[in-house]
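After the structure tokens below, expect a handful of questions from me.
Lettered A, B, C and D in written order, each chain numbered from 1.
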């Protein structure tokens, strides 16, 4: 497209994965209806999961997964050096994700439990941002393909990238859902950043906050509401901590 | 206004006739809450029996039929360095059955803004013109306070309105369309007895309100209480989640979003329903926020509803349905906030 | 038996084929139809601001479009966004429109990358204007901070083009740093040819700056203000006009002869989206030009 | 004859997760051949400790981005067995439907996005958009259908949301199901086209006799729960899974290995096919016959064909399931209430890549105290490893070049459709 006198260029991307389920990478290949147009915006120079081409001349590195081994740190730093823009995709990359649940225990304990005598190297889980500088975070477990598409279009056209600042509730109510609290379940929608289309409450299960906090989220009021609805404190904590995404809420 | 009386069985025939010919929406149970109470929404129906006309109240209002939560205002098609804009106002005719008086009055308020005010909206107009509305009276719930705002009765804004006389409906006909459609079924002229029953029904409903909110003089009163600590108290509870505005029949604030499709060939300009409670409602480029605090934003919603709009259109924008109060997880509702303010101002009066 | 509702298709109405006339607020029109414009010239003013010359392409639409000083338009960059921008040119100029735009977000950043010849859209004009006729026969004092000079150019042109109808005309202009000064290339003409007294000041001087340093209120010491027959227009960041207006108030200038232009977030320009509401007032239809009394009267305004 | 060979494939592409191939041949003798998983272990079993039982399915779904529905269903089965929860029949049917969506999506992803480029000689599916658009259209339509099924029933394809303890939290409407059924019907011709497409490709001819392990159907092709069987005649109860998997550790790989009657065994589409051929839909059997695929087949490359046969089967079975749900009148609430109790149970489910087990101990507060998960690819890893050695030996005999051996080794690993990050969970 040439528009406003500006020629758009394909984005050269590399997709890399660390500790995670690769679900976010898979999301990139979903939404089949627009997949061909989507791929047309990109020059994929490195994407191990779907392609044998391996190049180093990428501008944008999409990094999936958290960091949980020494050699991952090395690999990540190399990617950081080559990439002009490093994008953390998915809740694991942005916040550590469910992997952070491992950090509740000591590493010896964890290795013993799963591998017994056998020694396997592992370390406390860190998000990508805890290890290298991250230029852009696309949260979600998994990321929403709609959002990724929008962001890629912004990258291609050179426009500023914006995320909703409001919480999931607004999208949820716009879907005319019955509030999950009314159904007797707990939902983190009121404090979680929207953008997923309220997938979870739309299926009548509570939001787990995978997209991180909404701006100026009211944690105190939220906790009180959850307690008033009869949920126990440990139950509320379990939900809040699930993706390690709601940073400020966890400080308490 | 022309009045008629119809038996409930004829009425059912009438509605089924409409359903057969037109896309029709009506109150349907969609869920049951944790306490076993049914939850209703206006949904598409394919026969009279799918509706529950004895429903209490719908969870969300009918607003989104006229102001969709998301709506494309225009499209652009790119070609080289140039583009073309296209606009259209496509709405297919449809019927909505079972609106409560407050729902209809809510639409009448939206009419003031979107049709009668400056820059009438063709989008809204198209939707309004193509919707056939059948209203229905009901006994108020515990927390309805539309009577305080005089919105428990309807005068205009509908095609047909039904008052329940037990085995029959007393029909108020406010459009030629309704009048003509009714020729398909058997109706009778109201007798003197019918009229008496109709008035008794109205009085009964009026007497049944259990919640009252004192709104007289509210605009000036809110002005005086602009700096009241009450706002912080409620503001601290507010989640700024926009729920109240989404369910409200009259909240109409919005935002605009433009996006280019992945094909890079077209783009959409969309209007999406917003809420003044949302953190960036009044934020401008560079990050300055004209309403940085939760209490500022909560207060603004009350101001717009009971003061701002009141000054512009000589009536509060709220119709008293308490949908916002019911939907709010933090338990914020107009009655309690307004009462709190009133008490607060009493306390401030110099002791005599 | 017939129950079918007939479609009332708005798309068939006559206004669908006519260009919208934004000066006639009460008629139904295609409120989202833009006038397509070509960017015929781009003047780089500072690192952050550029002046765009926009020509409405359709001759009929160009004919319809007319504005008064103080009014703004909604500038559409298809695909990226629509933003309110004050018209910064002479209302006599029917050939093209000048917009002075700061790079500050998604839409404006995109616009700053646009090349000459690019096509954008406008809707408008919207909002209230300065009472230029009422000011005739009086002194006119224009006070601007930073980007505030952009909306003041329209009233300044008005006065200059009818110079003998007005008495003393002065412009007080302050910015943070010298390099942020806008339209420096026009100062000499304003002063020498148009007999406008121009005083500038910066908060922080650099090594080349030879003028005054300090806050804009310090400029008041250098001019005589006759409170009985002076009209003032103030444009700039909220903190600035608060101080300036307070000062003018203390000089005895009646509040209804002081005008400010408010800035709020806007998405429609038509009094619908409510983003620009201040209390019960829409900045887009009841403003952006307000006299100082109205501003004071709005609890949230400053 | 080729005498020396040194092949090292670092991070094999077009598979899920990280694995390396090492082959060393000296003087015509195979010195070393390894399938080494180098994926980072995530320690899900440890993470599960202290988690509420109803969060276990949500957590374990994150073991794998491709077969998250299978993990969720396995986890649900373990929790529901442990607490003796009776899941309503409609919910069971819908869960199976979601499972079929996943199987279709996963198999098509493997066949047409990951494996196909090997047959067309491209590095990925992307060049095929231009060179073989008809293949890509098929791939997109069928994968799209799989995703649509998952979205409708499970709320989302990757990491389902509506599959919850007790049943399904939100049921699709009658209209939605009817539309879906129609779409599946329309897509049958696409799967036929896939059969046609693969007829034009030749599967490498390689046989190494092995043991195949899967669930055993009692009256239909098995997916969720049941007896465990092997082609060597082993039969065990679901709860006896440890005797079936016998996991052990090797130093060169982060994934565990597994064995049964022989040094290794295989799970997956071919294993299911070999053990349950009789329960396949007639049309699916017909498709198998076109390729000469009959039980028991020992060519691992035929796993690709078994996947096509299964796609056919699940599409047809999905239509039957929808019919049954529609007959039952699509009730809105299809979730059983339950009381939290202590318990221990094992769930076994046939994930796209083979049999998957979750084993939980749950305390009286409904908290998981101990967990064990055995993943299909973990069970396959040893078999891949041994296949590799055999394949290389045969190739040396044929005097193949380094490139040929590398290519064929990669194809072999891919034929198993390994899900490596899953295997090192």
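The rule we apply is simple: a residue touches a chain if its C-beta (ideal position, glycine included) is under 8 Å from a C-beta of that chain, and two chains touch if they have at least 3 such contacts.
Being a predicted model, the structure only gives us computed values, none of them experimental.
Averaging Cα coordinates per chain and for the whole protein, the chain whose average falls nearest the overall one is A. Annotation: A-D is the more contact-rich of the chain pairs A-B and A-D, by number of C-beta pairs in contact. In terms of their C-alpha centroids, the spacing between subunit A and subunit B amounts to 37 Å. Rounded to whole angstrom units, the spacing between the C-alpha centres of subunit A and subunit D is 25.
Averaging C-alpha coordinates per chain places the centre of subunit B 51 Å away from that of subunit D. Averaged Cα coordinates give subunit C a centre that lies 64 Å from the centre of subunit D. Multi-chain contact residues of subunit C (touching two or more other chains): 79-80, 105, 117-119. Counting partner chains per residue, subunit A shows two or more touched chains at residues 3-5, 157.
Partner subunit A is touched in their complex by these residues of subunit B: 30-31, 33-34, 39, 41, 59-60, 64, 69-70, 78, 80-81, 83, 236-243, 246-247, 259-265, 273, 275, 278-280, 294, 327, 329-330. Per the touch definition, subunit B reaches subunit C in the complex via residues 17-18, 20-22, 73-74, 76, 78, 81-83, 85, 87-90, 92-95, 113-114, 117-122, 125-126, 129-130, 132, 177, 181, 184, 223, 226, 252-256, 258-260, 267, 269, 274, 276, 281-286, 290-291, 300, 303-304, 307-312. Only residues 77, 79-80, 105-106, 109-111, 113-120 of subunit C touch subunit A when the two sit together in their complex.
On the side of subunit A, the complex with subunit C involves touching residues 3-6, 157-160, 162. Residues of subunit A that touch subunit B in their complex: 1-5, 8, 34, 37-38, 41, 149-150, 152-153, 156-157, 165-167, 169-170, 173-174, 176, 178-179, 181-184, 189-191, 214-218, 220-222, 224-225.
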